[in-house]
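What follows is a set of structures for review.
Here subunit A shows up in two complexes: once beside subunit B, once beside subunit C.
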Partner chain A sequence: MITCGIDVGLENIKVLLLKDDQISARACGRSGGAGRSAAAKALWNDVLKSAELSASDVSKTVATGRGRKDVTFADFCVTEPIADAKAALRIYPKAVSVMDIGADQVRVIPLSEKNGTSQPAFNQKCSAGLGTLLRYMSMRLEMTLDDIGACAHNPAGGVTVNDGCIVFAELDALELLNQNTGREDVACAIIEAVVVRLNAILHDKTAPPKEGVVLIGGVAKNAAVVSGLKTRSGIDFIVPNHAEYGGALGAALLAAEN
Partner chain B sequence: MAQEYWKWPESDRLSEDVDWRKAKKIVAGVDIGTTGSQAAVFCDGALYGSANISTGYDFKAAADCVMSRILEPAGMSLNDIESIAATGFGAGNVSYASKALDEVRCVAKGARFMFGPNVTTVVDLGGQTTKAIRLYDWDRVRDFTFNDKCATGMGRNIELMADILQIPITEIGEKSLMAEKDPEPVSTTCYSFANPETVGLFTQGFKEEHYSENDVLASYIFAVSWRILGTIGKLQPLDPGDFTVYGELAFTGGLAKNIGITKRLERELYKTALTSEYDPQLAGAIGAALLA
Partner chain C sequence: MNNQIWETRPLEIWERAKELRAKWQKSIDESAASENALLAHGNAGRLDWSVGFTGLNIIEDNPVGAMLANKSDEFSRKCRMAAEIRGWGRELCGYVNNCWGSMFLGRQSDGSEFPMREMSVPFPDPCDQHTKRGQQCMDLSPIPRWGSDFTMYLGPRDPEREKAMIEHKVYCTLHVINEIERVFGREFDDEKLIAAIGLRPQIEIYAREITQLMTNIPSPIGQKDLNSFYTVGMLTKVDPEETLDFWRSLRDEIKWRVDNKIAAVGTERYRWMEAHPSPWHYLKYYRYMEKYGAVCIGSQYTHMMAGTLELKEDGRLGPTDEPRLPKDRSIRTREDALRATMLQARIPCGFKADEYFRVTAITDFAKGFHVNGAIMPLWRGGVGCTLTRKEQALRLNEIGVNTLHYEGSQPGDRTDMDEHHFLDQLDMWMENQGLRMLD
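Right after this comes the complex of A and B.
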């Protein structure tokens, strides 16, 4: 059986194809605004092409993410926490919690009860857009997201920016640049601020378990953020390859089940 | 490489009517902003050359680059210029300037040069700050207001939105005006709330109510204008008996090029803004040059 999961996020659309419970193809592209529906369809066609399949071969397509309703050709939609929980248990069957760090939203979903739908914790209103902040800083610093991820994480000493609000963090970063601080140091300060916020969200409702926490979402690809968060929270996260496809994987698995 | 929708085109120009080699006095102004940097060179009181670039991450390099965009094509050197004044957020990085001047004073001076001597309300719409300046019959600034902390980054916010929505930044204003009627604005508190909310409007639920891309942009730009209006409203009134009198109104800064914002502000203020042959972003640099 071939199923497809589509995760339409604030910045990117992720499409993943599952063939007999194995991942056979994946693709990622920009969401855009009004063109989101067409972008999802185009990406879906690309994935089918790369897997040498036709539309009729796919028995079910399931959409998730904040723009899931734009996927008009999907058989049904699932909410993000449900997809995240499903994906986490697939990535690591003994997982007890999953954290999804996206462009806009951050979610922590404990998996102990009802497959994680019981007590998800979201970002507090003022830590919205942590992934967007990283993207904006990459534009501003003229570094790729990978360059920023390669910055050595240095919490002791060095420069810092506001860790409460992304708007103020950016202003602080600009002030540092104005004082001719190197862009790598500014990137480190931004990463540190992101890590502080993420750690706060992680501890928002209950103390997180020390192991068995799966990290997914686009920001989980950022090595500096992940290592910083590991150090600060003391949790040894399980980070899969292609972490940004977490939601799409969950959707594809749910498509295969139903 | 993917198309960079968020970048505003850079520009530089030299006047063909002026020969700098015959000029008695050459002065220059440099405005290093958080988002854009501009320079202006004056020969005997006439604008000779101007340049407008994106600041990028290196403020020092931007300061050097913006000036060379005028000097190189003109065949001029820094020694030919009698006095150079720097202004803006990054003024401290203009190593070749002889003095640093206050932004508000420079923008006011520049606006009077660009829009005529009768300007009484100048609204400077920058990348990070929004400033409103009140002038009377004389050149001195009598009152000015800044954005509240949470209306910061209005210009930069639109850059980010252009990137997320994948719409060229130069088209956002016009598209927002194509909506038949402005829908309810998105959050007017903070752009980190407004941006995801705007993207969220593009769901099917929103489309079912017959909202198009233009309507969504209208809702977003309306919210941005709303915040700017709050800054203008705090200005000392021109006529203590009537708060709706703004005299001659002028918009400067990068967002003055966004017709969606200027048209909405004009509508709310019941006032048509003055127009100028110059790039509105040059106000700070022109003012600095005139005060140099």
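Right after this comes the complex of A and C.
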């Protein structure tokens, strides 16, 4: 059986195909703003083409993410925590919690044996858009996201930016650049600000477990953020390869179950 | 999952409630315009003695600010800007900035003249907004202002301290009454005050019955209904006898609805509570939640007319065992009557009190109403509404109640409201609990 999971995020769309419970194809593309529905359809077609499949070969398609309702060809939609939880338990069956850091939203979802998830914590406004901040800053600093991810997360010389608001953080970064602060140091300061906010969300309801926490979402690909968050939280995160496909994987698994 | 469908229908008492509200508004406008009537700014819920002055009406900033936010975001923004350019900003809540801004602009949202106050009787409060309230309306006119202390304290229960505070409050109030008589040449009618004292506990009994009736499944009315009623007789005062009759009729209709299984939400399968004031600028989110078959049964705030409640051994919510009227002597004098009103008002409503009210009372409330979830906004400014909200959420989580926080400026200020994020969060929260939107 072939199923498909589509995660339509604020910035990126992720499509993943499962064939007989194994990942057979995946692709990521820009979410396309006002053309999000068309972008999802186009990416879906691309994945099918690369896998040499037709739409009729796919038994079921499930959409998740902020733009899930734009996937008009999906059989049904699920909200992100449901998909995240499903993916986390697939990635690490003994997982007790999953954290998903996307362009826009951050979620921490404790996993319960009873019904899969319990009491998720979401970012509040000041921690919205952390992933988007990293992308904006990469453009501002003329660095790639990979370059930023390669930075040490401790900035040299005590360079800091605002860690309460990404708008102020970006303005602080601009001011630092105007003061001839090195762009790597500015990048480190940005990462530290992101890490501070993430750690606050991790501790939003209760102290998080130190083991068995799966980290997914596009920002989980940023090594500097992950390293900084491990240091600050003391959590030894389980970070899968292709962490940005976590939501899509969960959706595809749910499609296979239903 | 309960898939039962109940009959639902509008309340018959709506028209009467609207009439009462319109009557209150008319009394306020007439008081401002008439030379025979007086309009006072103050905290209406704590100025029960005002019935002793014929023609004295009380208006409070909170309901005015809330109504402004509800009726027109455009106008309430203008109001807040009018307040801001006079030096008032985020240190004051949206209610106050809406109300003061309307006063500074000199008009209400419908274009009518702002009813200027002729005196101000604010009270100090843990929420500093309440304390500051008298300032601008006094400075603008100018008008006389008298402080009216609030009988509450933080920390463990201390009857001796309460006794001293009540006596202090009684003599403060005697002074205010004497001053109004002196400045405005009005005579205070002790008999009217004494007669009114007996009515408040009766209103409370009806309100408490309504609260208890709402613990039934399905709930006969929801928070959106209750929002329209809970101020009647408290923040929006009309004739006490008429108020009492209204609450009696409301109780009768709600009891009939319970007896006949008439539901607020016909698809009720999920019950949720709020923490204190609603976002007046975004009341439509109750309707959004109804798409999941979710009914909001209210908050401690909207059930405050029912008095202080606790969970009894039978699992039902009932009144605390505090004496509400002095039992050891009859009420003969103004001083007796004032002491009685202070005693009635002594027990603070939940959001302004100490550990019992912050933590235990909210879990009692959740258990009594059989709620599944609680939505607890984190307001950035004002009215003390956010105090302990996260602590309460943890206590609710411990008894199995799911909680959701969202951020905003204040119940009377839409500035920080992010509708798309908010609705997205609601979807995730509900689905995470196994509920999907009904067809």
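The rule is simple: the second predicted complex is superposed on the first by the 250 of 258 C-alpha atoms of A that agree within 3 Å, B and C clash if a C-alpha of one lies under 4 Å from a C-alpha of the other, contacts with A are read in each partner's own complex, and residues count from 1 in each chain.
In this text, contacts are C-beta pairs under 8 Å (C-beta built on N, C-alpha and C of every residue); 3 or more make two chains touch, one makes a residue touch a chain.
If you're wondering where the values come from, they're calculated on a predicted model, not measured in any experiment.
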Combined model on subunit A where subunit B meets subunit C, clash or fit: fit
Partner chain in contact with A:66 - subunit B first, subunit C second, else both or neither: both
More subunit A residues in contact [subunit B versus subunit C]: B
First (subunit B), second (subunit C), both or neither touched by A:128: both
Subunit B versus subunit C as contact partner of A:82, first or second or both or neither: second
Which of subunit B and subunit C A:36 touches, first, second, both or neither: first
Contacts of A:205 with subunit B and subunit C, given as first, second, both or neither: second
First, second, both or neither for A:92, with subunit B first and subunit C second: neither
Nearest-approach distance, in Å, of subunit C Cα atoms to those of subunit B in the combined model: 5
Set of subunit A residues, in rising order, touched by both subunit B and subunit C: 66, 125, 128
Complex contacts: residues of subunit A adjacent to subunit C: 66, 78-82, 107, 109, 115, 117, 119-120, 122, 124-125, 128, 205-206
Complex contact set, residues of subunit C against subunit A: 378, 393-394, 397, 402-403, 405-407, 416, 418, 421, 424-425, 427-429, 431-432, 434
Residue numbers on subunit B that touch subunit A, as the complex places them: 2, 6, 34, 56-60, 89-90, 92-93, 128, 149-150, 152-153, 156, 159-160, 163-167, 190-193, 195-196, 198-200, 202-205, 212-213, 216
Subunit B contact footprint on subunit A (complex, rising order): 10-11, 30-36, 66-67, 69-70, 72, 104, 125-126, 128-129, 132, 135-136, 139-142, 165-168, 170-171, 174, 177-178, 180, 183, 186
